[in-house]
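Before anything else, here's the structure in question.
Letters A, B, C, D and E mark the chains in the order given here, with residues in each chain numbered from 1 onward.
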Amino acid sequence: GDAAESEPGVLNVGQISDSVAFFPLYVAEQEGYFADEGVELGERPRLGTGAKLAAALTSGSIDVGAGVLTDAFNLAESNPETQVTGSLVTDYYVDIVTASDFDGPAADAPLEERVRALEGKNIGITGPGSGTEALIVYLFEQVGLDAKTDATLVNLGAVPSSAIGALSEGQVDALAFFQPTGQMAEAEGVGDIYVSPQRGDIPDLTDPLHGALFSTSGVIEQKGEEIEAFNRAVDRALEFIQTDPEASAELLSTYLDGTDPEAVEALNEILPQEFATSSQVSESAFDTAVDFHLESQLIDEAPDYDSLVWSQVQE
Amino acid sequence: MTTGSVSDTHAHNGLSTSGPVKETRRRSWWHRNRRTTLVWGLRAGVVLVFLLLWQLAGRVAVNPMFVSSPVSVWEQLRDWILDGTLSTHTWITIQEVVLGYVIGAVTGALAGFVLASVRLTYDVFEPMMMALYSIPKVALAPLFIVWFGIGIDMKVILAAVSVFFLVFLNTAAGVRDVDRGLIDAVRLMGGSNKDITLKVVLPASMSGLITGLKVSIPYALIGAVIGELVASNRGLGYLINDSAAQFNTAGVFAAVVVLTALAMVLNTLVGALASRANRWKPLDAE
Amino acid sequence: MSTVLEVEHLTKEFQRDDVATVALRDFSLSIEEGTLVTILGRSGCGKSTMLNLLSGLSKPTSGRVLHRGSPHSGPTPDIGYLTQTDTLMPWRSVQRNVEMPMEIAGTGKAEREAKARELIATVGLADFADSYPRELSGGMRRRASLARMLANGAETILMDEPFGALDAQLRSELQRELARLWSATGHTIVFVTHDIEEALLLGDRVVVLGPLGTVLLDQEIDLDRPRDPDEAKVDPRFVELHATLASALKKGARP
Amino acid sequence: MTTGSVSDTHAHNGLSTSGPVKETRRRSWWHRNRRTTLVWGLRAGVVLVFLLLWQLAGRVAVNPMFVSSPVSVWEQLRDWILDGTLSTHTWITIQEVVLGYVIGAVTGALAGFVLASVRLTYDVFEPMMMALYSIPKVALAPLFIVWFGIGIDMKVILAAVSVFFLVFLNTAAGVRDVDRGLIDAVRLMGGSNKDITLKVVLPASMSGLITGLKVSIPYALIGAVIGELVASNRGLGYLINDSAAQFNTAGVFAAVVVLTALAMVLNTLVGALASRANRWKPLDAE
Amino acid sequence: MSTVLEVEHLTKEFQRDDVATVALRDFSLSIEEGTLVTILGRSGCGKSTMLNLLSGLSKPTSGRVLHRGSPHSGPTPDIGYLTQTDTLMPWRSVQRNVEMPMEIAGTGKAEREAKARELIATVGLADFADSYPRELSGGMRRRASLARMLANGAETILMDEPFGALDAQLRSELQRELARLWSATGHTIVFVTHDIEEALLLGDRVVVLGPLGTVLLDQEIDLDRPRDPDEAKVDPRFVELHATLASALKKGARP
């Protein structure tokens, strides 16, 4: 499993899935930014979970992982070499989606009421230890409930269509799922976005670092230059999304090929504010995320910005 | 070895015969059980060696995170036993596995007996079964969730379908190998199809059936656990998933250890059935 | 006397790929009720094939086999058949093997156990009721099969070399037992043997088969019963019949 | 049916014999192939009925998204064929499956022959094998990635281990059922263990081996596809995953259809091997 | 003359659960090189068990079996054994079955094909070389087995009722063939039969076994060779020996 090390100049980048968070990579690829910056991409596996992303990094199968910050924190606990090498999304892009027949306060009711309405319900999440679980744990915690006992969390895996299916068939009452699941549910008419950090529903969770790139210092030592070039291409993609919404919208609709156009439309509107403005990791976004992770019990100890974030991308 | 008295072997009636004598020859406990003892001793030895190597591997591994060690697995197990986690989750998985196994095995064996006797049906449907079973069930998880929900049913179904197929094909192969002479003998006695199935085909194809029952044990467990990985908040599959997400390799292995223990219990049960069914067979050593 | 089994212009072929092995061609025979017919014939001349057809186990390629006037639709418990090869169930003890036909006929447990025990003793296997077939000698297996067939209680009995694997003494004891059974019950018996003496000692009628089931000789045996082997053998009529059969058999061999 | 001339059947030598005659009897194409034709006809019929029902199901389903329809699946397949997607991914999966299948089958059969002959080893290791196979491989995906990377090796290994186990247990069961009389016959001819294995055990246990080869086909495919799902970058597993993520149920089914087609091809190959090996067996119809 | 096979104070038991079936007890026998010994005995008296031990296929419970002076370590191609039950490979044609011992011995293809063809013709199966065992009649299978055993080329031959399933004419032809082979090669032959006449026509020496392998009679046969069946049977010495053997056999039966 050390294909990465044997091929200098080639960067193997693994990502969790083809969800919205990794759209910038697609943009950079389509617009030729990687080529421009002299990055040759090798393996591009979709690994599904953070644990597998970490395993692939450990085995040397990939050089850079594109996932969520939670995965980087987890990896850091057992591997001190872990380095966050870039930011992709600086918004918590997980929503709570309720079934259309959900019987509770309206989506504009105060947050606490809405969270209390979720008590005792079946809530679908991607899996244990994920950002989707974290959001529920965090919200319940905020209103003095314990997600483990006051609701039933069901692991549905990382495929949005399963989640939508489970919601529309009534097997779960609500979902905590990453975008564009909520948009999709609304477009299909099977559910509504009920709580959305990205929408600003949770004041304490404004602009955290969520989608992130990470690697290890060992890899950085060998391929630091390639990673820098990679980040430059990502920067250009992020800029492209911010500055050319129309071209970006077109790319998004091909990226999310099977998704309902209505949902893509809805996503398009929120994308520019959601994505990081550059691959630089801002300390405030990092700290917001750390607080969130501590409160939602995803981590026990606060990681240190200076040691976890690669010096090249520190502010 | 003790030699009993020579039993009475005079012909009881009619014919004059010339045969051997039968003697009671009671064997000591050791003589009767030495093989079993040896086998279990060796098994224990192999397991011990394995554990030792594993413990050592943790020391030399590049990244001990992915190796864990028997000691940490044991600690994890002990914690789970003490706080009740283990019994809750294991009990759920046991229910799914046993239900799935029994349903799959019974329907598989029945289908094997019925379809294999009607050759044409078998030939028509066999490749379709094969095709159906080649569908990776994990990949269809989204559809499974929609079709069968996320309750225990779904996991039982996943366990049962894997078992069904393996038991079915093995039984069918066993049935088709049955000596025609024996079937003809029953037909000559006026036996119905039911008699043929129960009195000849079933005992004669026991070996195939039992192989089917054996090879399907792992898949019953895997089916249930995959169901739990896909959509669940309980069961050993959930424990694995949860531990994996927390990078708790010892937890993953602890759950796996419980799974393999389950497999061995099922295997022992099937083994007992097999040795009952095979009593008539000559022993290896003669 | 009515005809129990009747074979009309029967042909039996075994086809593999493009070659057909013709075992019987235009073969006709009828067996009258209550007779004991012995069949003699060279090895491979079609005796077992014929019994398979008479029993209903196999179907003729052309022609018909009638059992009490109607064509065979398959094997029936009215016809007992001791096949040339062993078909004891290897997973059943001798006792349970012999009980099997009664089990299928629905006889009660106590009755079938007693009957089986009796039959097993008749064939001299009382000490081996609990043995499995593989624990028996060749001759003992043959006798166990015989006991099982008798347990069927069929009125028409087909036997394919039943006593071939037995020693002389056992054979003559069982021959006597069979003759006794036959005269007591009036069963119809078709008995295939290689032994001319046996054919003469047992049969009302001896049929000698040639290649492809040609009937080389169909001879009434007018010897008095009971026929004691030692006495019969010096009977001039016996000697004469022996010579007739032997020469008929010789004719069966192609040059 | 045409009747050829009666062949010469005089005894060639020594003994006078009295036997049947052999005649050339050439059968028409229809007579020889009517059964095959019937079977294939029925299969086609069943598939057609199934497709029809499927198409109708799409009309009445509550949520057609999870049902798709044969027509849309066909359209998806056509698109993939035209843009080359299908051939690329299928080719990769084929390589993994075939390699994994061959490796697993060969090692499984060898292990079956060797271990089953040495009864003690078999008894000691069988339950451990069982335990090993009860480990749900998907659940250990992170470990697999660490150990074997995410390349083709990992997928081949996943396919091979599933096949190994099924072929191993079935072969071993077949081997242990071989008639001792036949083995003794070879020993009397002075045959070595190799002779016994090749000339008796192999042909006699063919039925078990072939059952093993059959039941493991689906698991070879599933193993490879699971490997592709674990670290999804190419192959039919990737196509399935990718389609599922894009709410493209037709895509999922299209990839599944290709998988089942692969299974049927493998099944036909094993079936051809089986009918070659079973030529000596009596046909059902006599 | 040297001793080829020697059995000393041999006991053979078969144990199942807590019961031991004693088939042979304190059995002793020696077979001299170049002799043709026929063995007579009642069904179940232990003849096949004895041959299994002589061949090295099974191990005595106690006592020894010596082959040319050294204890048996297992079956050897130096001893050919025609077992009582069929062991033809069902997946091989007759031709390939008969070739099998030569295949194992490493004989070249052309040579073993020719030799097999010759042996198959000797037993009268020339037309059936391409048939599979299941396509043969019982007697034909027996003859195929015989051909295979002869293909072994062993100098010591054990035969368990080889001709029992054959018709009289075939049997005497094969007996003659065997006698010819034996006198031409000087092989050592142990021949188990149920037929007293056969024992007398073939043997140099007849051993009559009783229960548990007791030797009831061990008799030199001083009849002239070649022994023509028809002539021999009227020879007074033959008749006398026949009576001796028959009465010895009768003794073997328990009351």
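In this text, a contact is a pair of C-beta atoms (placed from the backbone, for glycine too) under 8 Å apart; a residue touches a chain by one contact, two chains touch by 3 or more.
Since the structure is predicted, the reported quantities are computational estimates derived from the model, not experimental observations.
The chains that touch chain B as well as chain E are C, D.
Of all chain pairs in this entry, the one linked by the most C-beta contacts is B-D.
Between chain A and chain C, the centres computed from C-alpha atoms are 84 Å apart.
Centroids of chain D and chain E (each the mean of its C-alpha atoms) stand 46 Å apart.
One finds 27 Å separating the Cα centroids of chain C and chain E.
Among the residues of chain E, those in touch with two or more other chains are 14, 21, 41-44, 85, 140, 169-170, 253.
For chain D, the set of residues touching two or more other chains reads 9, 11, 16-17, 19, 22, 63, 66, 142-143, 146-147, 229, 241, 244, 249, 282. Shown for chain A are the residues that touch two or more other chains, namely 49, 51, 54-55, 58, 159, 161-162, 165, 169. By the definition given earlier, chain contacts exist for A-B, A-D, B-C, B-D, B-E, C-D, C-E, D-E. Contact residues of chain B toward chain C in the complex are 9, 11-17, 19, 22, 179, 181-182, 184-191, 195, 199-200, 203-204, 206, 277, 280-282. The touching residues of chain E, when paired with chain B in their complex, are 13-15, 18-23, 41-46, 58, 210-212, 252-255. Interface residues of chain C facing chain E in the complex, by the touch rule stated above, are 14, 16, 21, 40-44, 47-49, 84-85, 131, 135-140, 143, 160-161, 164-171, 194-196, 246, 249-250, 253.
Residue ranges on chain D touching chain B, taken from their complex, read 38-39, 42-43, 46-47, 63, 66, 119-120, 123-128, 130-140, 142-143, 146-147, 165-166, 169-170, 173, 177, 180, 207-208, 210-211, 214-215, 217-218, 221-222, 225-226, 229, 237, 240-241, 244, 249, 252, 256, 259-264, 267-268, 282, 284. Looking at the complex, you find that chain A touches chain B at residues 49-51, 54-55, 58, 74-75, 77-79, 127-130, 152-157, 159, 161-162, 165-166, 169, 171-172.
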